[in-house]
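Quick heads-up: structures coming right below.
Shared between the two complexes below is subunit A, which pairs with subunit B and subunit C, respectively.
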Partner chain A sequence: MSRQLQRKLFIAAFLVPTFLFFSVFVLYPVAKGAHISLFDWSGSSEHMTYVGLDNFKEIVRDPIVWKAIGNDYFLVLGKTIGIVLLATFFAVAVTRLRIRGASFFRIAFFIPNIISIVVIGVLWRFVYNPSIGFLNSFLSLFAAEPVNRPWLGEEGTALWSILWPSIWAGIGFYFLLLVAAIMGIPASLYEAAEIDGAKQGRQFWTITLPLVWEQVKVSVLHIVMTTLNGSFVMVLLMTEGGPDNSTQVLGSYLYQMGFRQFHMGYAAALGVVILIVSLLTTLVLQRLLRRDTVEYS
Partner chain B sequence: MLNQPSRALKAVAFLILSVWAAAVLYPLLWTFLSALKDNPQFLTNKPWALPETPLLWKHFTYVWQTYNFGSYFMNSVLVTVVSSIAAIVLSASTAYVFSRFEFRGSRLLYVAYLSAMMIPLILGLIPLFFLLDDFGLINKLGGLAIVYTAWAIPFGVFVLGGFFKSLPKELEEAAYIDGAGYFRTFFQIMLPMAKSGLVTVTIVNALNNWNEYIMGTVFINDPTQYTLPVGIAIMQAEMQYRTEWGPLFAGLLISMAPVLLMYMFFQRQIVSGLTAGAIK
Partner chain C sequence: MEIRKTLGTVLTLALILVLAACGGGGKEKQTASGGDTPSSSNASPASPDASPVTPAESSDAQLEGDFEIQYFVGGYGDAWWKDVIAQFQELHPNLKIKQSAGPKINEQMKPRWIQGSPPDVVYIDGAGSNPRQMIEDDQLLDLSDWIGQATNVDGEKILDVMIAQPEQYGGKTYNIPLVFGSYGTFYDKALFAKNGWEAPSTYEEFLTLSEKIKAAGISPYIHTGVYPDYILGGFLYPAIISANGDDGQILQDMGDMKEGVFASEPVMKALNQLAETGSKGFIDQGAPALNHTDSQMLFLQRKAAMIPNGLWLESEMKNDAPADFEYGFVPSVTQSAGGKYVALPYTSTMAVAKKAKNPEAAKAFIQFIFTKQASLNWAEKTGALMNVKVDLESSSAGETAKNAMKYYSSDNTLVAPVVVFNADVFKVMCDATVALSVNKITPEQWAERVEAAAAKARK
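So, the complex of A and B:
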C-alpha cells in the first residue's frame, strides 16, 4: 500500500465514525429543530402542516415570550454582576492580599460547580421552604412572629429566589479562572508599583484589572451564554416557570410548550429564538467589551 | 515588602471569604445532618439543629431499597462509564487528525465542531426525542449514553486537539522513518504521551454525565431506567408530599458522594478540564 493511500485510510478511519455520530445526534437534531419550527405539529400525529413563519409571528405576539425574555435578561444581568464582582473580589483577595488559607478557599469555592443542578435545586428549595425552610426560620429569629413567606410562590420574590442559587452555584468556576489569570501577571510589575508607592486599590485598577481584562471578558461572555442557553433547568427545578409565568424563561417555556402541551412546532420556533437571542447578545457584548487588551512585555 | 496590604483590609477580606466558604460548605454538612433526622425534628426544631439520637442511619438503606436509589445509582454508573469511554475514543481520534494532518475541508470541519459548543442543547431536544424514538431508544439507557457521547465530542475534540498539538513531533517522525504506520504510531507513541489530557477530558465528561438532568428527564420515563438526577427530581416531589425529608437528604448524599470523592482525588484535572472548555 502506498504511503499516500495509508494516510488517507488513517484519516478516514479516525474521522468518519466520529463525524457520523456527531452528525446524526448533534447536527441533524439542531437542523431538524429549525425545520420543525416552520410547521404546526403536535408530535404524535403524522400530520405536519407547513405554516411558514406563522409560529414566529405568533411568538412576537405572545406576551409570555416577552415576559420570558425579560426574565432571561434579568438572570443574565443579575448573574453577570453578582458573579463577576464577587469572583473578582475573591480572586484578588486570595492572590494579591495574600490571605491565609488561600488554597482552602480555592478548593472549597469550586464545590458547587461539581454538584448536580438537581441537588442544588432541591437544597435551595429547602432554604426557601415556607414552613421548615432555612430562610424563614432565620428571619423569624429577628421578627415578633414567625415568618411564613413562600419565597418561590410569590410573584415578587420568585425570580430573585432563583437568582441567588444561580450565583451561588456559578462563582467557583470564574473565581478560579481569575485566580489563574492574576497569578500569571509578572510579580515585577507589582514590585515596581510598590516602589512607586502605589497602594492596593491603585495596583488593582492600574495593573490587575487591565491585565486580566481578557479573562473578565471571557467570563462575562460565558456567563451570558450559559445563562441564556441553560438557566431554564434551574427554573424547571425550582418553580416550573410559575407562579403565573413570573419566572418563565424562554427555555422553560419551550419545555412546557413542547413536552407538556405538545405544540412541537411552536416549541421548536422558541428554540430558534433562543439561539438567535444568545448569538445576538454575545455578538453585541463582544463589541461593547472591546477594549485594548494590555499585554505585558 | 514595602507596601503590605493594610491589616484592616486583610481582616475584612478574610471575613468575607470565610462567610462564602461557610455558604458553600455548610449545605453539605446540613444535608448530612438532615439525612439523620425524622419528621418531628424537621417540624419542631430549627433547620440548623443537630439531629437527635438515635441517629437514623436506616434512612440510607431505606432510600437505597424502597426508593430504588440502588437501581438509579447503577443506571447512572452504567451510562456515565459507557458514554465517557465512547466519547474519549471518538474525540481523541478526530482531535489527533486535526492536530497533525491538513486536508481539504479540515479547517471547516474543525470550526463545525467548535461552533457546536455554542449551540443550545434545547434547540435539538425535540428532534432528538423523536430521533431516539425512531431508533427505539427512548426509555433506554443505551439511548441516553449515545446522546451524552455525541454532545461530549466537541469539548473533547477542542481540548485534546490543543493537547496533541502541544506534543513534540520528533517522536512521530522518527517512528515514520523506522517504517511504523500511522495507526501504530498513534497507538504506541502518541496515545501514551497524551495520557494526562485523556484523563482530564474523561473526568470532566464523567462528571457532566453523572450530573446531567435535562436529557435524562426528557428521554427516560421508565422508573426502572432512571438515572440519579432524574430519580431525585421525581422522588423529591413525592417525598415532600409524603414528608419523608430525612430519606430525601440521604438520597441527595448518595448522589453527591461519588462526585465529591472524584473531586478529592482529581481536583486539579477537574478544574483544568472545566476551565479549558470555557476558553474557546
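So, the complex of A and C:
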C-alpha cells in the first residue's frame, strides 16, 4: 500500500463515519421534510396528495404565519439585547469591578441553565398567576387596589411576559462564556491602561470589548439561532400560542398544525420556512457583526 | 487534489447508500417493529371445557386466527382491559390475541396505520388521536349497518343499552362510544350552603346568583382559558342546544360544518349569553391565562364559585381539595325557565380498522364488552362511567359519577349527541370563544371567523 493511499484511508476513516451520521440524522430528515412539504398529508393517512407549492402559497396568505414571524423576531431582538447586555455587564462586574462574592454570583447566574426548561415554564406561570402569583402580589403592595392582571392572558402583555423568563433562563451560559474570555485577557494590559490613567469605562471600551468581541459575536449568533428554533418550547409551556394566537411563533404554529390539526404537509412547509428564515438571519448577522478581529500579541 | 476527488466520491457514495437504505428498507422494518409495545399478550388458552358458555353465544362459531387490540392507557389504567381481554380469550381459546397498549401507543402504532397494516380493533383515546381525522383518512370500517342490529353477548341490543348514541359522520357510524362522561358546571356545596346560595337551574338564576357572588367578593365563574374545551362543553354548546329548543341536532350540524349554522339564530343567542356573562364581569378576569390546573386550584381555594369542567374533576383533584369541600354538579346553567338541563357528553370510542385482518373477531369483541357486567366492572376499576346504562348505587364509582348518572337517567335532562369537530374549525372556535368571553370580539365576529374556517375545511 502506497503512502498516499494509506494517508487517504486514514483521513476517510475519520470523515466517512461522521458524514454517515450527519447524512442519516441531518441531511435525510431535512430532505424528507422538504419533500413532505410538497404534499397534502394529514400525518396519519396512507395517502399523500401531491400539491406542488400550494402549501407555501397558503403560508404566504396565512395571517397567523406573519404574526408568528413578527413574534419570532420580537423574541430574537428582545433576547439578544437583553441577554448580551446583561451577560456582558454581569461578566465585567464579577471580573473587573472587584465586587464582593463574585464566585457566588457566578453560580447564581448559572443556575437557571441547569434547570429544565419545563420547570422554568411552570415556575414562571406561577409568578404570573393572576390571583395567587408573585408578580401581582408584589405589585399590589404599591397599589391602592389588589392587582390581578392576567399577564399571560392579555394580548398586550403575553409576549412580553414570555420574553423575561427567556432572558432570565438564557443569561447564565453567555455570562460564563464572557467571564472566561475576560479572564483570558492578560492583566498587564489593564495595568498599563491604569498607569496611563484610563478609568474603568475607558478600559471596557478599548480593552475588554475588542478582545471579547469574538465571544460576543458567537453569543449573538447562538442566541438568534436557538431562539428561532427553540422559543416554541417556552411558548407552548406558557401560553400554547394564545390568547387568540397572539404569542404564536413559527415553531409552535408548526406543532399546532402538524400534530393537533393534522396538516403535516403544511407543518413541513412551515419547517422549511423556519430553515430559510434562520439561514437568512444568520447570513445577515454574519455581515453585520463583521469587525476587525483584535488580537493581543 | 487527488485526495479531494477520492474523498468526494466516497462521501457521495456513502450518502447515496444511506438514502437508499432509509427510503427502501423502511417499509419492512417498520412493519416488524410496530407492535413491540409494552403488552402482555396471549393469556394462556384455557381448556375448552373451562370456558363459561352463555346461551347467547353457544351457537356462535369459535373465533380463530390472529387478533390485535390497540388501546391507550391513560387515567383509566389498564386493569379493566386486561380483565376483559382475558375473559374474551377464555371464550375463544383458539384466538391469538395481541395487545398493543401503553400511554404512547398512538405514536407507536402510527407507522402501522400509515402503511396500511393496522390492528383489528382500536380504542381511540389520548394525545394524538382524533376519530374524525381517522375517518377522513379512510382508516375506519363503516359500522352503520352492523351496529343497527348488533346484540351484546347477553342478547341485548347494543344501541338500547348505551347512554350516548354513536357519533354520526355524514350520517354514518364508524366508532362506538365506550367511555361516557359529561361536562357540566361544578360548585362547592359547602360554600353555597354557608352563603345561602342555590345552584342555578336557569340562565336567569345563574345571572342573579353571579351578582350575589360577585358582591361577596368572589369570582362567580372561572374557566380554563388556555384549553377552551371546558367553556365550550360546559357553557356554549349546552346554551346553543337550549336556544335550539332542546334539539341536539344543531350540534351535529355544527360538527358536519353545514353552511350558515355557526351564524344561525340559536348560536347567536348562546354567544350573546356568553358575551353578557363576560361583560357583566362574572367571568374571572384571569381566566384567559389559566390552564386546567390553575383554574381548578382557584376553584378549590374558593376564589371562584363555579367552574365548567368534566366528571373527572373530582378524582383529578383528589389530593388538593380542602377537607370540607363538597362537589356539586349541574349539567348546564344556560337553559331558560321550562327548558331541560343539557348534558354535553364526552366519550372515547372503539372502532374497527378498515383494513382489519380479523374484523369478525373485532366485532365479536365489541359485542363482548358492551354489557352491564363489563360496565359495572369499568366503574369499579376506573371510578368513571362506561357508556352502558347500569345501576351504580351499590358500586364503588365516585360520588360525582353517581350524581351525574341520576341526571342522565332523568327526564329533565337532555343528553346531547357526541360530536367531534374538525380540528381546524375547533381551533378557530376555541380562539374566538375566549376572545368573545373577554369582549374583544362581538358574537357577529365570532360567527364570521368560524364560518370562514368551516368554509375552508369543507373544501
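Just so we're on the same page, the second predicted complex is superposed on the first by the 270 of 297 C-alpha atoms of A that agree within 3 Å, B and C clash if a C-alpha of one lies under 4 Å from a C-alpha of the other, contacts with A are read in each partner's own complex, and residues count from 1 in each chain.
Heads up, the rule we're going with is that a contact is a pair of C-beta atoms (placed from the backbone, for glycine too) under 8 Å apart; a residue touches a chain by one contact, two chains touch by 3 or more.
All values reported here derive from a predicted model rather than from experimental measurement.
Legend: residue contacts after superposition of the two complexes on their common chain; A:7 is shown touching both subunit B and subunit C.
By the touch criterion defined above, A:19 lies against subunit B and subunit C together after alignment on the C-alpha atoms of chain A. Touch criterion met: A:28 reaches subunit B and subunit C at once.
Between subunit B and subunit C, more residues of subunit A are touched by B. After overlaying the two complexes on the shared chain, residue contacts for A:254 are found with subunit B alone; subunit C is out of touch.
Of the two partner chains placed by superposition, only subunit C is touched by A:243; subunit B is not.
In the superposition on chain A, contact is made by A:44 with subunit C only, not with subunit B.
In the superposition on chain A, A:274 makes contact with subunit B only, not with subunit C. Once the two complexes are laid over each other on the shared chain, residue contacts for A:132 go to subunit B and to subunit C alike. Common to the subunit B and subunit C interfaces on subunit A are residues 7, 11, 15, 19, 24, 27-28, 125, 131-132, 259.
Subunit A meets subunit B in the complex at residues 6-7, 10-11, 13-15, 17-19, 21-22, 24-30, 32-34, 36, 43, 86, 89-90, 93-94, 96-101, 104-105, 107-119, 121-123, 125-126, 131-134, 137, 168, 171-173, 176-177, 180, 194-195, 197-200, 218, 222, 225, 228-230, 232-233, 236-237, 251, 254-255, 258-259, 264, 267-268, 271-272, 274-275, 278-279, 282. Per the touch definition, subunit B reaches subunit A in the complex via residues 1-3, 5-6, 9-10, 13-14, 16-17, 20-21, 23-25, 27-28, 31, 42-43, 46-48, 90-91, 93-94, 96-97, 101, 103, 109, 112-113, 116, 118-128, 130-131, 146-147, 149-151, 153-154, 157, 181-183, 186, 207, 210-214, 218, 228-230, 232-233, 236, 245, 248, 252, 255-256, 259-260, 262-263, 267, 270-271, 274-275, 278-279. Residues 2-3, 6-7, 10-11, 14-15, 18-19, 22, 110, 113-116, 128, 130, 133-134, 136-139, 225-227, 284-291, 294, 297-298, 301, 303, 423-424, 427, 431-432, 434-435, 438, 440 of subunit C touch subunit A in their complex.
Across the interface of their complex, subunit C is touched by residues 4, 7-8, 11-12, 15-16, 19-20, 23-24, 27-28, 31, 42, 44-47, 125, 128-132, 148, 150-155, 158, 239-240, 242-245, 256, 259-263 of subunit A.
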